[in-house]
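Paired with subunit B in one complex and with subunit C in the other, subunit A is shared by the two complexes that follow.
Up next is the complex of A and B:
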C-alpha cells in the first residue's frame, strides 16, 4: 500500500512567492524514493512539508497523506502523533542538529521516556539496541558521551538511531551524508539500506548527488525550481533521461566510470569523454590520445617541474593537547602546464598543504620551489609578499566567504591589479573587463556586489581575481565543492579552458575523485598527512595500489543495478574537449 | 489552514507597524531637539539668562509658554539652550570613545597574542570603575565644567567599543576573504585598516549610538550634582538641580520640563540606536 502520497503540493510564501508548483510523489513501504535536484529546487521544502515543518505564514495547496492521514491542515496534536510514530527525519549536518549539551543517551531515550512513558531502564535498553542496529561500536559507552566526543559519521548514526526510536514507517533523509567523507558516507548508506530492509520502512531520500541517488534509490523524482522534471525508476531516469534538465544534470555529474574492473575503452579515453560541457571553443568530437600527448599539446616546452615540494612537514602543537602532524614528509612535483590532483578526506592535511604553498602557514621542514624559486618561508617584506603572490594564487572553497562582501567585483579585481602592476585606473578597468570576459562574466557584473551573485558567479570572480596576478601556479582548494553539479561542471570547464589558453599549472585539491579525474592527468592521494599513492589519475582509478585508495574508490556510490561500473552512464561521445 | 502560523500572522503585522511608528516618532523628537540646539538663539523667545525677578515662578502663559523659574528666566528658552550641552557633550563622548575604542579593539583583535591579553586586562580595569565615578574623579582633579567629565566618560566608554570591535575583528580575521587578501600579497596592516575595519565599523557605530543615551543621562546627573555645567548656564541637569527648591513650593514645572527633555532624548536615541543596530546586525556581512 502507499505509505506516503504527495498530491499536487504547492506552497506559497506569505509574500506570494511560489516555491513548489504541484509536486506529486508516492512511496510504498519498503521502497526508497530519491528526491533529486540542485539547491533551491524545493526538495528539502517538499520533504519538510511531510512532517508539517512549513515556513512561517506559508500557504499550501494539494494534499500530503502519510499512511492515509492528511498532513496539511492537520491539528498540532495530529502532527505530533505523526512525528512520534509514523514518520521521522534525518537531517544533513548531525553536528548542528543535535543538542551539544546533552549526552547521546539523553538524546536517544528522551522521546521514549517523555512521549512513550517508558521507564528509564527500558528506554536505555532500547537505546542500546538501536545503537547496535546502526552499528555503533560501543553503545554502552556512547550513552554517557557527548556529541563532541563522536566523529561526524558516528554522530549521524546516532541521529539515525534517534529517528528510529519511534519505529517510524517512513524515514525522511535530507542529504544525510552531504557533510561526511565518502568512506563514512558508504557506511551510513549501508546502515540506511539495512534498516529499510529489516523494518520495511519507506524512505524518502533527498540528495543532490546523482551517483548516490542511483546507488540508494528504487525510484527517483527530479525536481527543479519547485517542479517535477522527471520521475521513474532510477535506472531509467539516469540511464536514459528524457527531460532536458535531467540530461544536463546527468551530463554534468562527474563519475568514476570504468574505474575498477576495467573498461574496454581505456581509462585515458574515458577521461577525455567525461571532460564534457558546453564550451564553445571545445574541439567537439575529438578524442585525444593518452595523457602525455595532451600535455605536449598544452605546453610545447619540454616538461620541467614548475612546482617542486620536497619533504614538507607541518605539525600543530598546542599546549595541553596532543601534537597533530597535518603534513608529514610530503614530496611532489608538478610539471609546467600540468594539473595535479590532491585527493583526501577531511583531516588528510590537503588544505594545510595548500595554505603552506600560498604562504599562509609556515612549514616545519622541507622546501617548496616554484619555477626555480624558493617559496618555503612566510613572506615578510613587501617585495617577498608580492613575489610569492605572483608565484602562487589560490581559489578558496567557499565563494560565499572568500570575497569581501563590501567591495564590488570590479573593485576586488582592480585592487589586485593595482597592487601588482601599478596600472592606471583606465587601464585597470579595461583589464578587469577582459578578465571577467575570460571567466564568462559580463561588464555589468563588474559593479555587482558579491551578495547579488550566484555561487558559480562568485567562484568565477575568485578565479578572475587570482588570474589578475598572473601566477605561475593556481591552487584550487575544494573550489567546486560548495557548488551545484551543473555549476561545478561549468567551473571545471572554465579551469580546463584557462589551462589550455594560458598554459597555467594547476594544483587541484579535492575530496572528490570523480571531480579530480575530470581536471587532472595526475593525482596523489593523501591520508593522515602522508601521500600514500601517486601517479596518473587513470591508473590510480583503474588499479589502486594502496589499501586506502582502494577503500576510497570503493566508497564512491555506484548504481545498484550495475555494481561493477561506478557512477551514472555517460552521454555518448561528441562532447569531448581537450585539457 | 488551522496551523499556528495563522495566529502568528495576526500578531506580527501590527507589531511591525508599531515599531515603525515608534522609530518615526523617535527620529522626529531627536530631529526637533537637534534643530533646537543648532538654532537656539533664533528659536528661543527670550535670552535664557535674562532674569526677570518680577515674574518668578509664573505659570504657563502666552508670554512664557512653559512659565518661568525661580529667577523669572523663561523656561522654554532655557530648555532650548540646554539642548546644546545636553546633546553636544554626549556626542563628543560617543565620538571620542568610538574612535579610541575602534583603534584599540582593532589592534587587540588583529594582533592577538600578548598585546590582546594586555589590552584585555586594561579594559577590565576600566570596566571596574563606574563611568560616573570616573567623571566625578576627573572633576575632583581638574575642576568643574564639562571638559574633564567628557574626557573621563570617553575613557570609561572606550572599552565597551573596543571589546565589541575586538570580537568582530577576531571573527572577521578568520574569514577566507582575509586569507584571500593575504594570498594576493596585501600587507596585513593594509588589510586590517582598509578592508576589515570598514566591514566592522557599521556594527560598532550602531552599538555606539546606544551609548549616547547612557552618556546623556549620566552627564545630566553630573550637572544635577553640581559638578558638570555650572550655573547660570542653561543645562538640563543643572536646571533640575536649581529647581529642587521650587518643587517643595509646588512649582514643579521648572524641574519637570528639563527632566522630561532628558527622558525623551534618552528614549529617542535608544530607540533609534536599537533599530539601527538591528538593521545592521541583521544583515551581518555575508
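Up next is the complex of A and C:
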C-alpha cells in the first residue's frame, strides 16, 4: 500500500510566484525514494509540504496523502497528529537544528512529555533506547549534554533518534549529510538504512548528491525548477538518463572512477614528501632542525618550484583550553603551472594553510617561498601587503559573502586593478572587460550588482578579481563547495582553461576527492594538521597507502550496482563506527 | 570549578569598579564650585574662628586624601557621614526615603517588564503585519516623551481630569502607597518600555527564523509550546543584558519623577542635596546608584551560563 502519495502538487507564494508545478510521487512502506535536484528545484519545499510546513500565505493545489489521510487543508489538530505519529523529518544541519539552550535529553523527550503525556521517567527510558538504536556511544551521559558538546555526526544521530520518537511510518530526510564530512556521512547513511530495515519505514530522501542518491535509493525523482524531469529506478535514471536535464546533471557530477574530467595540463607537480614521509606515524620527535636543509641534501631542488612550503606549523593557543595544532610540519612544493589538490575533512588544517599562504595568519614555524621570495611572515606595511597580494590570491568558499553587495562587478575588479597598478581608468575598464570575457561573463555583467547574479556567476567574478592582479599563485579554498553540481562543473572547467591559457599555478583546497580529481594532477591528503599522503591523484585514488586515505575513499558513496567502484556498496549495518 | 572561578572573577571586578567609582564620586566634589561652609553658616558673616570651627567639625580642614580615607572607612562600616542640611546621619536620611524610591523603581520595573515583553512578543509574532508596525510606532512615540513631560500629561489626565489617582505625595504606607505610586511608576516606565519592547521583538524575530524552531514545529509541538520553550527561552539573553543597562537610567530618571509628583524619595533628595551642596548625601546616593547598577549587571553576567550553556564553554553566543 502506498504510504505517501503526492499528486499534482503545485504551490504559489502569496505574490503569485509558482514554485511547484504539479509534482507527483509515491512511496510504499519500506521503500526509499530519492528526490534529487539543485538549489531552487523545489525539493525541500515538496518535503516540507508533506508535514504541512508551508511558507506563510502560500496557496497549494493537488493532494498529499500520508497513510491515506489528506494533508493539504487538514485541520490544525490533524496536522499535529500527523507530525507526532505518522511522519517526521531529519534536517540538513544538525548543529542548527537542535535548540542550543536545551539538553539533548530535553530534545529527545520533549514531544513525549509535552504532547504525549509521558512521565519524565518513561520518556527518558525511551530516549536512551532510541540513542542506543542510532549507535550513540554513551546515552546516559548524552542526556545531560548540550548540543555544542557533541560533534556534527553525533548530533545528526540525535536528530534521527528524535525523528524516530513517535515511531513514524514515513521518514523525510532533507540533505541529512550535506553539512557533514564524508567519513561521518557513511555512518549516518548506515544508521538510516538500518532503521528503515528494522522499522519498515518509507523514506523520502532529498539530496543534491547523485552518488549518494544512487547508493541510498530504490527509485529517484529528478526535480528542476519545481517540475519533475525524470523518474524511475535509481539505476536506470543515473545509468541511462533520458531527460536532457538529468543527462547534464549526471555528466557534471564528479566521480572517483572512470576517466578524469579535468584536462591534463602543464608540467607535472612535484609533491614533496615529508621527512620520515608518508608514514606520518613514525615521525615522533624528528622536528628538530630546519627540515629544508635535510631535504636539500636528499634531493636536488627542481629549479622551477613556484610554491615551496617547508616545515610549516601553526598552533592556536587559547587561555584555559588545550592548544590546537592546526598545521603540523607541513611541507609541499608546486611547480610553476602545476595544480596541487589539498584534501581533508573539517579540522584537518587545510583552511589554516590557505590563510597562512595569503598572509592572513602568521605561521609559528617553517617557511613559505613563492616564486623565490619568502612569504612567511605577516605583511607588516601597506607595501608588503600589496606585494604579498600580488603574488598570492585566494578565491573563498562562499561567493555570496566574498563580494561587496554595494559595488558593481566591474567596480570590484577595477578597484583591485587600481590598487596594484597605475592604470588609467580607460585602460582599467578595458582590462575588466577582458577579464570578464576570460571567465565567461559579458560586458553587461560589469554594471551588475552581485545580488543580481547567480552563485556561479559570482564565483566567476571572484576568480576574475583574483586574476586581475595576475598573481603567481591562485589558492581556491573550497571554491566550488557552495555551488550546485552543474555550476561547479562550469567553474572547474573555467579553472582548467585559465591554467591552460595563462600557465597559472593553482592550490586547490577541497573536502571532495572527486572534485580534486577533476582539477589536479597531484594531491596531498591532510589529516589533523599533517600531510599523511601525497602523490599523483590517480595513484592515490587507485592505491591509497595511508589508512585515513583509504577510509576517506571508501566513505564516498557509490551506487550499489556499480562493481567498478573500488569500495563496497553501503550496507545497512555494521559500519557505523565513524561518529 | 571553573564556574566558581568565574563568579569570583566577577566579584573582584565588581569591587574594583566600586573602588574606582568611590574615588570619582568623592573627588568630584572638589571640582564643583561653591563652599559647603558658607551654606552651613546660612549667609551670616562668619568670623574666621567660626569658619575654622565648622571646618574642623566636619573634617574639611584635612588634606583631600585624608578626607577620602576617613570617608571610605566610614562607608565600609555603614557610616556615610553627617548631612549638612539635616544635621543627621546620612544613613538615616536616606533610609527614611528609601522605601518610596524602592517601591517606585520596582513597580516601574514590573511595568516595563510586563508591557515591554508583551509588546515585543506580540510584535515579533505578527512581524510585518499592521499590528507589528502599530506597536513599533507606538513604542517609539512613547520613548520620545521625556519623563517630566509624561508626568505632567499623566497628572493632567488621570489625576486632574479623571480623578482616578492622586497626583501628590506617597500616601500612608501599604496599599495606599502603592496606589499613590501608580502614576509616578507609569511616568517612569514609559521611556524604558520602548527599549525592552524593541529588544524583545528583534531577539524573538531572530529566533523565529532559526532552524531549530522549524524542527520543533515539525515534531508536532503546539505553536504556543514552540514559542515558549524555544523562541522565548532563547531570546532571554539579549533582553536581560539590556534590562541590566536600564537600571542606571531608571534610578537617575526616578529623581525627575519624584520631584514632579512631590514624592519624598531618594531621587528628589539627590536633586535637593545637589542644589544645597550637601556633599555627604550626594556622595552616598551616587555611590548607592553605582552599586545597584554594578551589582545588577554582575548578577546578570553570572547568570549567563545558565541562560546560554555555550557561554560556559566560552563559545559564541548565537
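Convention: the second predicted complex is superposed on the first by the 517 of 579 C-alpha atoms of A that agree within 3 Å, B and C clash if a C-alpha of one lies under 4 Å from a C-alpha of the other, contacts with A are read in each partner's own complex, and residues count from 1 in each chain.
By our rule, contacts are C-beta pairs under 8 Å (C-beta built on N, C-alpha and C of every residue); 3 or more make two chains touch, one makes a residue touch a chain.
Note that the coordinates shown come from a computational prediction; the quantities given were computed from them, not determined experimentally.
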**Q.** First, second, both or neither for A:14, with subunit B first and subunit C second
**A.** first
(Q) After superposing on the shared chain, does subunit C or subunit B touch more subunit A residues? (A) B
Q. Given the touch rule stated above, what does A:110 touch, subunit B (first), subunit C (second), both, or neither?
A. second
**Q.** Partner chain(s) touched by A:96 [first = subunit B, second = subunit C, both, neither]
**A.** second
Q) A:68 contacts which: subunit B (first), subunit C (second), both, neither? A) neither
**Q.** Contacts of A:404 with subunit B and subunit C, given as first, second, both or neither
**A.** first
Q. Do any residues of subunit A touch both subunit B and subunit C, and if so, which are they?
A. none
Q) Where on subunit A does subunit B make contact in their complex? A) 14, 52, 54, 56-60, 72-73, 75-76, 355, 358-360, 379, 382, 385-386, 388-390, 392-394, 396-398, 400-407, 415-416, 419-420, 451, 462, 465, 469
Q: Within their complex, state which residues of subunit A touch subunit C.
A: 48, 51, 53, 80-85, 88-89, 91, 93, 96-102, 110-111, 114-115, 146, 148-149, 159, 162-163, 165-166, 318, 320-321
Q | Residue numbers on subunit B that touch subunit A, as the complex places them | A | 1-5, 8-9, 175-177, 179-187, 195, 198-199, 285-286
**Q.** Footprint of subunit A on subunit C - complex, ascending
**A.** 2, 210-212, 214-222, 225, 229-230, 233-234, 307-310, 313-315, 318
